[in-house]
Each structure stands twice: as structure tokens, then as C-alpha cells.
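In order of appearance the chains are A, B, C, D, E and F, and numbering begins at 1 in each one.
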Amino acid sequence: MATLGFIEYADSSPEVRAVYDDIMRTRNTDWINNFWKALAHDPASLRRTWQSVKEIMAPGALDPLAKEMSYLAVSASNQCGYCIASHTAAARKAGMTDSMLSELMAVVGMANESNRLASGYQVEIDEQFKPR
Amino acid sequence: MATLGFIEYADSSPEVRAVYDDIMRTRNTDWINNFWKALAHDPASLRRTWQSVKEIMAPGALDPLAKEMSYLAVSASNQCGYCIASHTAAARKAGMTDSMLSELMAVVGMANESNRLASGYQVEIDEQFKPR
Amino acid sequence: MATLGFIEYADSSPEVRAVYDDIMRTRNTDWINNFWKALAHDPASLRRTWQSVKEIMAPGALDPLAKEMSYLAVSASNQCGYCIASHTAAARKAGMTDSMLSELMAVVGMANESNRLASGYQVEIDEQFKPR
Amino acid sequence: MATLGFIEYADSSPEVRAVYDDIMRTRNTDWINNFWKALAHDPASLRRTWQSVKEIMAPGALDPLAKEMSYLAVSASNQCGYCIASHTAAARKAGMTDSMLSELMAVVGMANESNRLASGYQVEIDEQFKPR
Amino acid sequence: MATLGFIEYADSSPEVRAVYDDIMRTRNTDWINNFWKALAHDPASLRRTWQSVKEIMAPGALDPLAKEMSYLAVSASNQCGYCIASHTAAARKAGMTDSMLSELMAVVGMANESNRLASGYQVEIDEQFKPR
Amino acid sequence: MATLGFIEYADSSPEVRAVYDDIMRTRNTDWINNFWKALAHDPASLRRTWQSVKEIMAPGALDPLAKEMSYLAVSASNQCGYCIASHTAAARKAGMTDSMLSELMAVVGMANESNRLASGYQVEIDEQFKPR
């Protein structure tokens, strides 16, 4: 299930419940996914992690779709099974189509390939690319 | 410099030069960065890698800016120095502002954090997230 | 199961059995976990890996709990399912409480986040931090 | 230097300066390291990241030395040059001796080796290790 | 199953079928494994990826066994479950024995260990090893 | 230089010197590279790591060239600068030509690409590939 098990809404303390309620309100859903229920054994981590996710994923210079797709790109690159499943769902909810998913995966694959070619051949950074 | 050194434009074979010309034409630049000059010792790899990059990064369901930013997100997550430097430059050329860069890095950092929390707590994938 | 299957105690050669016996004696258990049973097809790897683990995890300047928690931290960061499961058990046996587990995971998550921010922003090492 | 350069204390806005002051007060130092000066271009990220680090690294079920060493273990495993340099310094300040450093690195190395052996041999998780 | 499901041979478009036929002909098999059936939703990715794999894995300065074992070494190091399973099968078909598999895994484990020791101790590259 | 500095041959204890002598004899060289000089602060780690490397890299079912190239493949995939530099040199000494290096890097790049496509599309392992 999860190392410490899941804390269900019905069994949650007021502190945990307040976070659960904010997650559902913010995401416009009526359920809590396992990630948060596993974290809830440590209410301070639950609160802190949710606050960071909420703040980082809010619309800003980047729109929510771009953010969700970048999140998915990193999760696919890191090969985190849970995160790929949950953020594929989140990105779709934000508007990602099947074609966009396929193109994103092609970019993720290519970046992983060229990252190793650049490192493996010990390629020096061009002067033009160095931060000033 | 690089394991096999760099092949400069002036010293390149017709096969390599054709790829160099296509890179400069496609990207609208007048120079070739070290990555390609290091790969050029293996003309088949140079041609194949460039053809893949050219095809994958072309506008499609995702626009070039979204693609460049996803490429940068993966490179930052993989901590590839060369790739971060070159794709920061490429993403900026495609329109990435400083604010967009900062928000992208925040997403990359958060995804890396939550990926480990999900894996570290051994969180099971929710039925709702499983591909059907 | 495992690529080459498992070698059970009852079916083991004297060379493998000697390692199995030492594992059970050292760890004060009466069973052998799958990792060793999968490695046992290559007795030299089994012996060498066990000798290294035994030597490295013995009490020294760091106590066994600190060592087991660092092992778990790395395994969580690497997202190795088998290793997270087995070293969560080992760390608990060495005294890790649920609170310690939660705090450790928070550190692992934070380190993974800040590692990417440092690399992604191309932050130069401060003179004060460089080894002399 | 860093993608967006560094924001020095003398040039910082009141919002950034408040974070800088809290960092120096909490860590009992009189200077700000490059990581924070690079992040300061995005004051929201600076504040959020510092708040998280401050909360996570505070004494709790784990003491500061155990936390700093786990942070260093993850950074060494991820091969983040900046983070290894800065957290080696931080762990030493928290009490890590040369012997403790050497033993920690041995654990990090061993965990990375056994993680790949477990995954590479496709070892199934023992029933005894599965979370209930 | 897979994010977008699988496209079976019987249901494939002429473009996809041509790739499937070439895969079976090149590999001398009569079935298509899931990787390609999952990619086939994006025929351009299917074609490009297969062309690259076909070209890269063909006999050259390295023989097919050496290439398959290096592919497996990377997949084990990256801990990609699907890739370890499929490339263990491919390497065996190319001639990898159980002893060769065990020795390969020992090298993969050792490289992962020493990579972290070199990075963790911040070891500087010897002049003799630098590319000229 | 390195976190704890280097221990030169002239300054080494008999225990360390015995390992240094064995490294030079086994490798048929007359110098010690930085990796070992950095590890030597912890003689037990130095001895254990060298013994493992010596045993693993000795000729067996795989010849030294195949082993050195797999070591390099993993180091390139992990993007370890020190290890890429030192194992490129070691693989060349064992017989790796420029063409073999280029083909190896192409395999490493491709494996990293396809690993992410397999994980990112959540591809299920085929029954035919599962270990029995």
C-alpha cells in the first residue's frame, strides 16, 4: 500500500482535514489521491508540500498546462511510476491531448539521449552559452 | 575540449558540412556549437541525431517554446551542465523570459522532490490513475 | 521472480551456504532475503558483495542506525523499489521510528529539489566551499 | 556565474533582505552563499525554498548532524557538484568528522551498487518487506 | 497497460504496419513487443525510433552482443524495469550466457559505486585523463 | 582538489602503499590516479574498493575490453565527469578505437532515450520477457 499506510478523510485530524479540503477545493475534485494520504502521517510535511505545490503550480508567467507538462516531463525522465500516472492525469485535465503527450515524450527521450552524448563526449560549454 | 576534439566547418567533409549547413539554416544562426562539432567524428551519428532533433523540435501540437522549455526541464533534472547552458540559450531565443525560467525551475525542483516522496513512501498508484 | 531465479538454502552449494549462514548470524535472522538468493548464481559476487556490505554497515564512526538511514535515503533518492522496501525494514530494526522515517523522507525530497535548483540555475561553487 | 547572476545583499530588495537576514541569523553566519543569491531573482522561490529548508533541517526526531549527513548522502548520490561542496561544509559545521565522512561515502557507494544489482537482476520484493 | 494502450498488428495503419514488418524481419521474430505497440499511436515517433535503433544496433565496430550488453548495462543502471526485461532477452538471443550476465551486473554495480565515490569526494580529473 | 586532499605515494603508510603497489603492478603503470589518492584517507575503503575493482575487472566470461566499455557506458549514462575521463582512458588502453567509442556512445544515448519512452508511456512488460 504505502510504508505507513493511508490516512483516509474520515479518520483525519482537523489539521490534516484542512489540507485535504484545500486540495479538493483548489483542484475541483471530490477525492484525495494516495500521495497525500501517505504523507498525512507527517502533518507538517503534508501541509508544507501542499503549500509548495499549490503555489508553484498556480498560473503565473507559465500557464497551468505548461507547468503540468513540465512536471510530467521530469517525472518521465526520473521514471517515477506513481508520478507519471498521476501527472499524466493532471496534465490531461489541464488540456493535454494525445498528440501533445506523444510530442512531449519525444522531447523527453531526445533530451535524455543528447544529455548523455554531451556528457559522454566530454563536450566543453561554448563561450556563447556561458552565463555572464 | 571533448574526447575526440572538434571538427570545424573549414575542416569538415562534404557529408558533415551538409549537416552543419542545415543546422545553421534551420536555426537561423551563423555558427555551430560544440555538441555537433564533437559528434561530427561519427558522421552517421551526427546526421541521425540532427535529423531526430530537427523533427522532434519542429512546431507541432506543441509550440517551439513549450518544447525548448521541456528540454531544459529534463536537462536541469538530469544535471547536464552542457545541456542546461545550451538549452537555456535556446529557450530564451524561443521566447522564455526570466520569470518563465524561474517558474520552470520551481516546477523541476518540486517534481524532483515529490518523485522521491512518492517512491520513498512506496505509494501505490490510485485506480483512477491507471491506464486502461 | 528474478532473472536467474533464486537459490534456496536447501539447494545451495557449500560456498553459498557459508555466506548464507554468515548473513543470518550477523543479522540475527533465520531467513535469507531474495536479493542474496538472486545473487547466489554468481558465488563470487555473492561473497564479495556480502563482505563489503558487512564491513561497511558495521558500527564505526557512524552507528548502525545512521548507516541504515543513509542507505535508505540513497535508495529512496534512486527510486529502487526493492531497496526501499528492504532497507525500510532494516532501518526500523535498527531503531528508526515513524517520525524519523518521515523526517528522513523530507530531507531526501528537499535535497533532490535543491540539487536541481543549484544545477538548473548553473550556480558556481563559493570559494568558501571549495576543498583546499 | 549563474544563469541570472547573483543578487548581493547591498542590492537586495527589502523582501529579499529579510530572507537573507533570517538565513544568517538561523545559521549563525555573516555571509550568504551563491545558491540563495541565484534564487533571489525570484523572491517567491527564495522565500518558499528557505522556509522549507529551515523547517526540514531544524532539530526534530533526527538531530541536525543526521539530517545534514543524509542531505550530503543524497547530493553525492545525485552527483550535484555545488550541493556536495556546500553540504560537506554544512555537515562538518554540524559535527561530521573525516571518519564519518568516509564511512558515509562508503554507504552511499554501496547503496548505489546494490540498488543496481537488485534492479538489474529483477529481484522481486520479499513478502516480509512489503508494507501492510 | 500503457498510457495510450497498444496498437495491434491487425488494427494497424499501413504506415505502422510497414514498421512492424521491418521490425519482425530485422529481428527474425513473429511478434511485436509492447514498446512498439505503445509508441505506434505516434507513427512519426515509431518510425524515427525504430530507424535509430535499427541503425545503432546493427553490426559495426562493435558486434551485436557487445551492443546489446551495453544497452542492458545502461538500462540496469537506470533501473528501467521494462528495458531490463526486454534487453535481457535481446542480449541472451545475441549470445549472452548466465556467466556473462553476472559479470556484466558486477561491472554495472561497481561503476555505480565508484561514480559516487569520485563525485562525493570531489575528485579532480588527472591531467593525464583530460581530452586534448 | 578533493574533499580530504590526496595522499601521495611518498607520504603513504605501509598499508596504503601496499595497495598503491598492487594497483601499479596490476595495471602495468607507474603512477596512481587521483581517485585512489582521494580514497586513501580511509585505508579500509581503499583496500576494499581496489580488491572489488581488481576482481570484477579481471578477464572472465567477458574480456577486459567488454568490461571497460560497459564501465564507460554506465559512467557516461550517469554523467560522472571524473569517471568518463578515467574510463575513456582505460577502455582505450584495453583496445577501444575511436569508432568503437562512437558506437558505444550511440548505444548509451539510445538506451537513455528508449528507457524514458518505455517508462513515460507506462509500458507493461510482455509475458515473453518476464523471468520465470
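Simple rule for what comes next: a contact is a pair of C-beta atoms (placed from the backbone, for glycine too) under 8 Å apart; a residue touches a chain by one contact, two chains touch by 3 or more.
This structure is a prediction, so every number in the text was calculated from the model and none was measured.
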{"item": "Neighbouring chains shared between chain D and chain E, ordered by label", "value": "A, B, C, F"}
{"item": "Same vs different contact residues, chain A with chain D, by half of numbers used", "value": "same"}
{"item": "Chain of greatest Cα-centre distance to chain C", "value": "B"}
{"item": "Distance between chain centroids, defined by C-alpha means - chain C, chain D (Å)", "value": "20"}
{"item": "Between chain B and chain D, centroid-to-centroid distance (C-alpha), Å", "value": "27"}
{"item": "Whole-Å separation of chain centres (CA-atom averages), chain B against chain C", "value": "34"}
{"item": "Chain C: positions in contact with at least two other chains", "value": "1-4, 45, 49, 52, 56, 77-81, 85, 88, 99, 102-103, 105-106, 108-110, 112-115, 117, 119-122, 131"}
{"item": "Residues of chain E that touch chain A when the two form their complex", "value": "3-4, 41-42, 45, 49, 78-80, 131"}
{"item": "Footprint of chain F on chain D - complex, ascending", "value": "79, 88, 98-99, 101-103, 105-106, 109, 122"}
{"item": "Contact set on chain F toward chain C in their complex", "value": "1-5, 44, 48, 52, 55-56, 131-132"}
{"item": "Chain C partner contacts - residues on chain D that touch it in the complex", "value": "1-4, 31, 33-35, 38-39, 45, 49, 52-53, 56-57, 60-62, 66-67, 69-71, 73-75, 77-78, 80-83, 85-89, 97, 99-100, 102-104, 106-108, 110-115, 117-126, 128-131"}
{"item": "Interfacial residue positions of chain A with respect to chain F in the complex", "value": "76-77, 79, 81, 84-85, 88, 105, 108-110, 112-117, 119-122"}
